[in-house]
Amino acid sequence: MIRFNNDYNRGACTEILEALGRTNTESYCGYGLDEWCKKGGEEIKKYLGGIDADIHFLTGGTQANYTLIAAALRPFQSVISADCAHINGHETGAVENTGHKILARKNTDGKLSVASILEEALAYKSSGVKEHITQPKLVFLSFPSELGTVYSKSELAEIRRICDEFGMFLYIDGARLGYGLGAEGGDVTIEDIAHYADAFYIGGTKCGALFGEAMVLKNPSLKDNFRSYMKQNGAMLAKGWLPGLQFYTLFKDGLYFSITRNAVVQAMKIKEAFKARSIPLYSESPTNQQFPVLTKAQMDKLSEKYIFEYEKDLGEGLHCVRFCTSWSTDASEVSSLVNDIAGL
Amino acid sequence: MIRFNNDYNRGACTEILEALGRTNTESYCGYGLDEWCKKGGEEIKKYLGGIDADIHFLTGGTQANYTLIAAALRPFQSVISADCAHINGHETGAVENTGHKILARKNTDGKLSVASILEEALAYKSSGVKEHITQPKLVFLSFPSELGTVYSKSELAEIRRICDEFGMFLYIDGARLGYGLGAEGGDVTIEDIAHYADAFYIGGTKCGALFGEAMVLKNPSLKDNFRSYMKQNGAMLAKGWLPGLQFYTLFKDGLYFSITRNAVVQAMKIKEAFKARSIPLYSESPTNQQFPVLTKAQMDKLSEKYIFEYEKDLGEGLHCVRFCTSWSTDASEVSSLVNDIAGL
Amino acid sequence: MIRFNNDYNRGACTEILEALGRTNTESYCGYGLDEWCKKGGEEIKKYLGGIDADIHFLTGGTQANYTLIAAALRPFQSVISADCAHINGHETGAVENTGHKILARKNTDGKLSVASILEEALAYKSSGVKEHITQPKLVFLSFPSELGTVYSKSELAEIRRICDEFGMFLYIDGARLGYGLGAEGGDVTIEDIAHYADAFYIGGTKCGALFGEAMVLKNPSLKDNFRSYMKQNGAMLAKGWLPGLQFYTLFKDGLYFSITRNAVVQAMKIKEAFKARSIPLYSESPTNQQFPVLTKAQMDKLSEKYIFEYEKDLGEGLHCVRFCTSWSTDASEVSSLVNDIAGL
Amino acid sequence: MIRFNNDYNRGACTEILEALGRTNTESYCGYGLDEWCKKGGEEIKKYLGGIDADIHFLTGGTQANYTLIAAALRPFQSVISADCAHINGHETGAVENTGHKILARKNTDGKLSVASILEEALAYKSSGVKEHITQPKLVFLSFPSELGTVYSKSELAEIRRICDEFGMFLYIDGARLGYGLGAEGGDVTIEDIAHYADAFYIGGTKCGALFGEAMVLKNPSLKDNFRSYMKQNGAMLAKGWLPGLQFYTLFKDGLYFSITRNAVVQAMKIKEAFKARSIPLYSESPTNQQFPVLTKAQMDKLSEKYIFEYEKDLGEGLHCVRFCTSWSTDASEVSSLVNDIAGL
């Protein structure tokens, strides 16, 4: 069976395993105060357009999201997100567990629309009973979204403008950031992300690392005491150099970008195969996740050789499923799939 | 100016002020362990059809809601409510502040529909990734709803059945319970409420008391340690007998029911006046809150003599506002308003 | 039976009941935006030495404490208090329930010593692993303490200096503030309290009001959005004018100070009676709470006519108990007790 | 420089690196539902005396502690621990951040004494105002303690008995469990730990793994929904097989026990060296952490070649420091240190 169900089903890039082996008998300072975390941050910053950022390494995406939100918000403040956002539907209420409400808005192709952000901000601003409602203080975007779609540079610029106008933080969940930056036809660079966001994280787990996420903090008010929030929220590894070393390895020669772009190239082959076969796609995704709409017979056929993720029953005998490529996807696996799609 | 903006703009029923005066120099046990809390609970229970309930007295509705929810749920469990529910939009994220997610569903005339409860329950039951989502464990209803509408007895029975099937609590916010029970054409008694709910509170603040809400706990698993939750959540008055005495006064001769029913009778006159004048109503409310849809000119005219609450701009020059009657509404105030509506 | 067990066993001063009666049929704005809250605050501020303060009215002490602490602290920050402080041992972990650690220090006669505050502040400042520990950010004092003792003006000045040096808030729980200010031989005025504290509350429940506490916020950083914290924490009454009116009544002619000072005068008679009878006192309290150390026989004898609070078994047949006077204590009740103490 | 400052300054056992390399291109189910987590749990259970346990793999100790506590306790319940316990002083208030109070008791040689557990349990049981205090519901032990000391089998038996009598959970933090089980002269086996505890975790990070902790849940009431708590608390790795594989590797042939026992053997040499040189030890530790009391001159001398952890200033020119051995300690490093101690 070939797994296309997700982008976290294999270990790590060879380069990362080698780095771990090479440094295994060295001894390091604990809790992220080591040289690799320093170097990893420096390599990342080379791509960020000269912003003054603090970079911290955490172990997972849910953890990264709620730790940042807990650090950013006061108890009466809330988050604006798309209804399909990972924090709203796939993290077991972790944000609410830190005490904060999510103002979830109906998504547009997986994205949070500029209009809905503006509506929530205006609703609070114009409210005569502000103390009875929460203050929307942080806009949560995923890049790419849960449906694989990406924001354009002009959308990000407009969202930034709204955040500035209403005093809100812009935070970007980059669990799959590499795939988003490598989007077919996309116009957003990591420098743009750094320019527009107050904070974002660069996903490692799904993009070539064994594990780890790099949180980039740009807004000065988010920087203070972030390590305290990390420790309090279980996000500070004793062997903090492990993710630092991995991100050093991924960024020092641009490996992060090449492996994720390649995954997108592979995904485009799968996308084209579905299109060629006139199978509709649930979203027009230019990234590594593809959401074809299949009949039961088509699902059964593909299930003989491939593992993919069931998303939902669309009624009338149609089903949305997900095929993911990743940094570890083999071109021959994709060729096989493409052939089998053609034969459906 | 005559206030119709809400049902909590005056002190208390004469009988309650008299009771406070009569007992003022008596001395009592603290923290709700006094004789009036005991007697108040006993008087209430006479109306509850013989259920085995614990009754506690709290000071406000927000407090009652989040204290009950904090006591009922484990951290990974959530609440199903209507999107317009008080807990979702008027309590500053108090439920999320206790750590719990609200699964807010689009309301139907202010109510949470049976269908949407079932959908949420089924979504969890059928989920293959339960540990990534919250477990809906408590259904939150308001009786009457934020739009003044009430559930029918058959609706409550069906919701109860779903709660039983999926192991969920049914909790009813009765901030305006008296007005709901006195609904024009309603078929639900307080005995029905007690029969169907696992817990509910009987609102005092808006229904004749100076302040205070009576929480009725029927489900045995909600009874244990509720006083600990009250104390921890600032809901236990040192002079606990004050709300106990007030509820004793309201229930010993049925005063609670007569004053709230009278308020509904007054509200019906206002409703008829709007209807007679062909002014549309935003909801078909059979209780003490009426939501006429007015033009700016009509609002301005009525604003000369009356205070009412602005709800929202409906566009095209129309505005939804709220007129409330209450236990303290004077018949002459209503006559005046009815005349002025006719003259619009 | 005559109750000396606490200072919250009777209703309210006559003046307050009268005020409630006089205004009962008036109608007011909700949620503390009414004229009485405004006037009540103004009357209080006349005693505060011209500080620029915001004043809010809450319903109880536990609620006041945790709401203020939730508003003041970030998640990684903690409170320094005496081990016997109300927040540490009598509020069901309410502060921890808001997410904050209490650094509890062994008390000195019920008080938090200057030395222990300094130790905690220095321990954090000198720590090399600050992100592994909480930051002490708020010093919690009770005035008077749980043992009835009071801080001197010079102690408060020194604590203020330490708070300034280390960037900590000084918050004073004044559940019994009136009795503390009326302490026999005390040198602290309410103006001093206002001068030294960043925030404090003036207790009403135990000092003549039916219920209610007046929170005084002086530090600008504590003022913003405090009403949001109140609403979120169930501390905002719909009929907000009720405590406002009560504090207006207590402060407009200094009633608050005279009734509490009188209670202290009564307590001193009881204290002298125990001393005259050579019965030791557990603390040298100059306020309304007295803690005699009795034998079982003495307890039994006094229990025939009086209700008092058992505190703890001191071993060797001795028991610490509490006798409280209050604003409602009758001089004849005290005379009776004094006689009976003499006859032990 | 040779690091003896802690037991987490190097990567992982060779066997673990090899296992990671060998499986790197295999693809697995996510979130701990893979075969390695299953096999890892099975290997561990072979040592647990046949108990019916659920085993989950988390990424760090702080996370393991607060996730278990959040899962075990209701909001009004608290933890009994030693004052020096990791949760009380080194986890940035993580337990309080989940809403729970820690009842911290003065330690006895780093341990929580049987007597102090009993005192807290009895204090609650005999309290007449239970709703004003928290209920001690979980006893937190570290094995070994922060001072390297271990509980005896009879101490654990007695603590278990008290927990049973008062309905409390016994939870053991085993961050250094291997070193505790290998204690010189100790009489506790991992089977004993499993027999007495309701839950405990087996530390991997400090005992040979790259990272990871294995939580063992025995008490049925702790098992339900633990994966939901993990996900909500950021403790569920997408690549869940990584810690599962590591624990499989550590337990399938007893490697976990041999490498940690060896570290203790090395530590004993260091201990003897200090004793031979008449340098006092702050605690009589039979495990991998040694706490000599040094003069400034001795510290300076040893600092020339070794990194060790400063603990605290004991006054009179004496300082407590920590030397740790670990699974990765080289015998030649120890020989060097032993020689240099002799030469002090």
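By written order: A, B, C and D. Residues from 1 in each chain.
Note that a contact is a pair of C-beta atoms (placed from the backbone, for glycine too) under 8 Å apart; a residue touches a chain by one contact, two chains touch by 3 or more.
These numbers were taken from a predicted model, which means no experiment stands behind them.
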| item | value |
| --- | --- |
| Most widely separated chain from chain B, with each centre as the mean of CA atoms | D |
| Between A-D and B-D, the pair with more C-beta contacts | A-D |
| Chain A and chain B: spacing of chain centres that average the CA atoms, whole Å | 42 |
| Rounded Å distance between chain B and chain D, as computed from the means of their C-alpha atoms | 50 |
| Cα-centroid distance, chain A relative to chain D, in whole angstrom | 34 |
| Per-residue multi-chain contacts in chain B, two or more chains | 75-76, 91-93, 97, 99, 131-132, 228, 231-232, 236 |
| Arrangement of touching chains [line / ring / star / complete / other] | complete |
| Chain C-facing residues of chain A, complex | 31, 70-71, 74-76, 99, 129-132, 135, 225, 227-232, 236 |
| Residues of chain B that touch chain A when the two form their complex | 75-76, 78, 89-93, 96-102, 128-129, 131-134, 310 |
| Residue numbers on chain A that touch chain D, as the complex places them | 3, 6, 8-12, 14, 17, 20-21, 23-30, 59-63, 66-67, 91-94, 97, 205-206, 210-211, 228, 231-239, 242, 328 |
